[in-house]
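Right after this note come the structures.
Shared between the two complexes below is subunit A, which has subunit B as its partner in the first and subunit C in the second.
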Partner chain A sequence: MAKTLFEKIWDAHVVDEQDGRSLLYIDRHLVHEVTSPQAFDGLRMNKRKVRRPDLTFATMDHNVPTTNRSLPIVDQTSAMQIQALERSCKEFGIQLFDINSPDQGIVHVIGPELGITLPGATIVCGDSHTSTQGAFGALAFGIGTSDVEHVLATQCIWMEKPKTFEIKIEGKRKNPHAVTAKDIILSIIKEIGTGGGVGCVFEYKGEVVSELSLEQRMTICNMSIEGGARAGLVAPDEKTFEYLRGRRYIPKNYDEYVEYWKENLKTDSGAKFDKSFTIHTDEILPQVSWGTNPAMTADVTGRVPFAQEYAKGNLEEEKAANRALQYMGLKPGTLITDITIDRVFIGSCTNSRLEDLIEASKVVKGKRISPKVQAMIVPGSQNVKRQAEEIGLDKIFKDAGFEWRESGCSMCLGMNPDILATDERCASTSNRNFEGRQGVGGRTHLVSPVMAAAASIYGHFVDVREMDLN
Partner chain B sequence: MKGSVIKYEKDNIDTDVILPGPYLKIHDYNELAKHAMEGLDKDFHKKVKPGDFIVAGKNFGCGSSREHAPIALSCSGIKAVLALSFARIFYRNAVDGAFLLPIEIDENAFRDISNGDSLEIDTSENEIKNLTKNKSYKMKPFPELIGKIIAAGGLFNYKP
Partner chain C sequence: MEPFRTVRSVATPLDKINVDTDQIVPKQFLKLIQKTGFGKHLFFDWRFEKDGKPRRDFVLNDPQYRNSRILLTGDNFGCGSSREHAVWALQDYGFGVIISTSFADIFYSNCLKNGVLPIKVRQQTLQKLFETKSEIEVDLENQLIKLEDTKIPFEIESHWKKILLQGLDDIEITLKHEDKISKYEGSQANTKFQIS
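Take a look at the complex of A and B:
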């Protein structure tokens, strides 16, 4: 029977089936400091060991400071969580990339970077953006702390088989430097809604997907969860195999794996998906979110909508839009390009990799940021930071007035000192514009790295298609 | 199971408003409870009573995988969330730790139940009685395994 890529990976990992659920084997477990302490406590309390410490990797990213790492951490509760992870990794024999490691970084950035993420693998992490790693053709999804404990103890997880949802990304982008992977995924979420993929695994397909680099595919898969799907997949291809070749944790007999992956990791022709959605990239423009969930997004050429117009007759949506407009301090009818900003954040597991920084640097090079704007770059990992510095990106950004920080999740979720003040408005390359996400009363506009960079120069949003980005 | 309703007529109530990020550093569950729903409703901790239910719209608990969200609700006294639908990770976290019951209701029940109504929930009959309005509604039955995990008191007490 013809199978989808997801079904093939799923079937290869089912250990047992009961009561309509499957016990799934997990190939890689990534751990960070925030969702793991109670899981390790649970192991200790029940005198359990970590079943496969060799398949478990840890780093600290959520609440690490992004300023000078040689100084002690001021926030004591953060320091305690970081120390707790150090202790647990030592006690249970888990490889840790700690705060001073040259490989430290956002867990979903370092997984692929170190070759921990592999095609066809099942990967979990106590973090909803684990979906990022689906870009390599892995079934990667976020779990809560109880499941972290369960996987640490058993290397397995109980799952109900998700439904399959193909997302076809068709057409041809006229200006791929201005209309980025971020704009594609925001446009998809705008159409299907934040709950559109609930209970499903996305597979992104189509001509555009094969043209995208692995880093761009990661941006798309990253925000699958914002469309309600726990995981998003792209079938691996030559680009995938070449990206991973030579990285530290890939298997020794890598070429044999590649042969197996080529043979097995694709959706068979004639395989049926439970749901399907097609988006034409010819029509996609740079996107800017105006509301408090990622589906509340507009074209850069558009206006902030009236609640009624946005809701199209749905009363709940209208209420939500009114509340969002109030929270965001926006007047309906305002041109998106008339929205002025106070802060710029380029970073997060969505958009903090080398290509993101290269693209943003093209906008910024030789210019100065607006005197009204405070802007920062938070590279996704220490490796990204070093590579960027080798090609002089740090200098370009610093000359323009940006702060050049150490790697971590930073202002994406406001767990460390990098937060917005109340009413501050931010052009952010992160993934969630929820109320209070970047700081109490902070206002988040989700955009691509080039859009964020352009906004930093002008102090308001601009249509990057009008800029020279080559 | 009896309790009264705190209703939010809102879809997409995300885990960032259920428990804002800065509190994820807190290890003490009772301390977490003080910040439940803080991002949406600052007065929640003053009005919630042990045994209360939350009633909400679609896609409750979307966003981050933080298990702190159902834990904070549970420790503040919430026994069940009745919503039109749930984000999957929240649903799973709620069940795994037996923190609270994630109960799916239909549009009719959602519209009918008001803030402050007194409800009696009988999961064995899949029935929700509205004692204030003298009406009853059907809840969506739990899938078989979920029902067993809930009955066992969470994932770690469940023996296949």
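Take a look at the complex of A and C:
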């Protein structure tokens, strides 16, 4: 029978089936400091061990400061969580990339970077953006702390089989430097809504997906969860195999695996998906979110909508949009390009990899940021930071007036000192514009790295297509 | 886990869609390393003014819902972050049942893992429940939401029903299948993902 890529990976990992749910084997478990302490405590209380410490990797990313790492951490509760992870990793024999490691970084950035992420593997982490790693053709998804404990103890997880949802990305982008992977995924979420993928795993297909780099595919898969899907997949291809070749944790006889993956990791022709959606990239423009969920997004050439116009007759949506407009301090009808900003954040597991920084640097090179704007770059990992410095990106950004920080999740969720003040407005390359996400009362506009960089220069949103990006 | 018992109370109507877990428990409270005590942080930014006073216009501060154990809410509840702290906060506050038209996947699973019952109903049913002012009863054994004048059946996966009613430990259940896990680990299917 013809199978989808998801079904092939799923079927290959079922250990047992009972009462309509499956026990799924997990090949890679990534752990960070915020969602794991209670799980390790659970193990201790029940005198259980970590079944496969060799398949478990940990780092600290959510609440690490992005300022000078040689100084002690000021926030005592953050320091406690970081110390708790150090203790647990030592006690249970887990490889930890700690705050001083040259490999430290956002868990979804370092997984692929170190070759921990592999095609066809099942990967979990106590973080919803684990979906990022589906860009490699892995079945990767976020789990809660109880499941973190469950995977630590058993290397398995109980799950009901999700439905399949194909997302075809077709057409030809006229200006791929200005209309990025971020604009594609925001456009998809705008159409299907934040609950559109609930109960499903996405598979992104189509000619545009093949053209995208792995870093761009990661941006798209990352925000699958913002469209409600627990995971998003892209079938691996030559680009995937080349990206991973030579990385630290890939299998020794890599070429044999590549042969196997080429043969097996694709959706068969004739395989049926439960749902399908097609987006034509010819029509996509740079996107700017105006509301408090990622579906509340507009074209840069557009205006902030009226709640009624956005809701299209849905009263619940209308109420939500009214509240969002009020929270965001925006008047319907305002041109997106008339929205002024106070802060710029380029970083997060969505957009903090080397290619994101290279693209953003093209916008700011030789320019100065607006005197009204405070802007920062937070590389996704220490490896990204080093590579960027080797090609002089740090200098370009610093000369333009940006702060150049250490790696971590930073202002994407503001668990460390990087937060917005009340009413501050931020152009952010992160993934969530929820109320208070970047700081109580802070206002987040989700954009691509080039759009964020352009806004930093002008102090308001601008159509980045009008700038020279070559 | 405590076995799930029949819940009877008025239902708190939180009439919003797409409530994300950042709202249920904001990030400043995720630094605790235990599972208890999150109730006072539930819906923190919606529930309290900046000076810490309860906001009069927020439904949890309405005295008639003070002892409510059932939360009614709109579509796609619990979307966003996977933080299980959201469920720990709802449970610690006193909610044992959450009724909506749909739930985000990770949140749904997090609820069940903690013995909180998420019930999916149709829009029409949710509307009726929103209009109900008297106490309602949630009977998991018989899969019924009981109102004064009617009984509404609901669906739940059979294994979750069993786990909730008996208060079973999921890890304990899985460890009974350890032979199968070991067999899988030794099989061809898995060997290609071993770290070499």
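Note that the second predicted complex is superposed on the first by the 470 of 470 C-alpha atoms of A that agree within 3 Å, B and C clash if a C-alpha of one lies under 4 Å from a C-alpha of the other, contacts with A are read in each partner's own complex, and residues count from 1 in each chain.
The working rule: a residue touches a chain if its C-beta (ideal position, glycine included) is under 8 Å from a C-beta of that chain, and two chains touch if they have at least 3 such contacts.
All of these numbers come straight from a predicted model, not from anything done at the bench.
Novice: What does the overlay on subunit A give for subunit B and subunit C, a clash or a fit?
Specialist: Aligned on subunit A, subunit C clashes with subunit B.
Novice: Quick check for you: in the superposed arrangement, does A:G142 touch first (subunit B), second (subunit C), both or neither?
Specialist: both
Novice: When the two structures are overlaid on chain A, which partner does A:V34 contact: first (subunit B), second (subunit C), both, or neither?
Specialist: Touch partners of A:V34: subunit B and subunit C.
Novice: Does subunit B (first) or subunit C (second) touch A:Y257, or do both, or does neither?
Specialist: Only subunit C; A:Y257 stays clear of subunit B.
Novice: Could you tell me if A:V440 is touching subunit B, subunit C, both of them or neither one (first, second, both, neither)?
Specialist: A:V440 sits against subunit B and subunit C alike.
Novice: Mind working out whether A:Y249 is in touch with subunit B, subunit C, both or neither, as first, second, both or neither?
Specialist: In the superposition, A:Y249 touches subunit C alone.
Novice: Just subunit B (first), just subunit C (second), both, or neither: which does A:S407 touch?
Specialist: neither
Novice: See if subunit A has more residues touched by subunit B or by subunit C, and give me that chain.
Specialist: Of subunit B and subunit C, the partner in contact with more residues of subunit A is C.
Novice: So, does A:T117 touch the first partner subunit B, the second partner subunit C, both, or neither?
Specialist: neither
Novice: Once the two structures are superposed, pull the subunit A residues common to the subunit B and subunit C interfaces.
Specialist: 16, 18-21, 34-35, 37-38, 42, 46, 62-63, 75, 77-78, 80-81, 126-128, 142-147, 149-150, 158, 160, 194-195, 198-199, 225, 228, 230, 293, 316-317, 319-320, 413-415, 432, 434-437, 440
Novice: Provide the residue numbers of subunit C that touch subunit A in the complex, in ascending order.
Specialist: Going by the criterion above, the answer is residues 15-18, 20, 22-23, 26-28, 30-35, 45, 74-76, 79-84, 87, 102-106, 109-110, 113-114, 157-159, 162, 170-171, 174-175, 177-178, 180-181, 184-185, 189-190, 192-196.
Novice: Show me the residue ranges of subunit A that touch subunit B in the complex, using the header's touch definition.
Specialist: So the residues of subunit A touching subunit B come out as 16, 18-21, 34-35, 37-38, 42, 46, 62-63, 75, 77-78, 80-81, 126-128, 142-147, 149-150, 158, 160, 194-195, 198-199, 225, 228, 230, 293, 316-317, 319-320, 323, 413-415, 432, 434-437, 440.
Novice: Quick one: which bits of subunit A touch subunit C in the complex? Just the residue numbers, please.
Specialist: Subunit A reaches subunit C through residues 12-13, 15-16, 18-21, 23, 25, 27-28, 34-35, 37-38, 41-42, 46, 48, 51, 54-55, 62-63, 75, 77-78, 80-81, 84, 118, 120-121, 126-128, 142-147, 149-150, 153-156, 158, 160, 162, 194-195, 198-199, 225-226, 228, 230, 249, 251-253, 257, 260, 293, 316-317, 319-320, 413-415, 432, 434-437, 440.
Novice: In the complex formed with subunit A, which residues of subunit B make contact?
Specialist: On the subunit B side, the touching residues are 9-12, 14, 16-17, 20-22, 24-27, 39-40, 57-59, 62-68, 85, 87-89, 92-93, 96-97, 143-145, 148, 154-156, 160.
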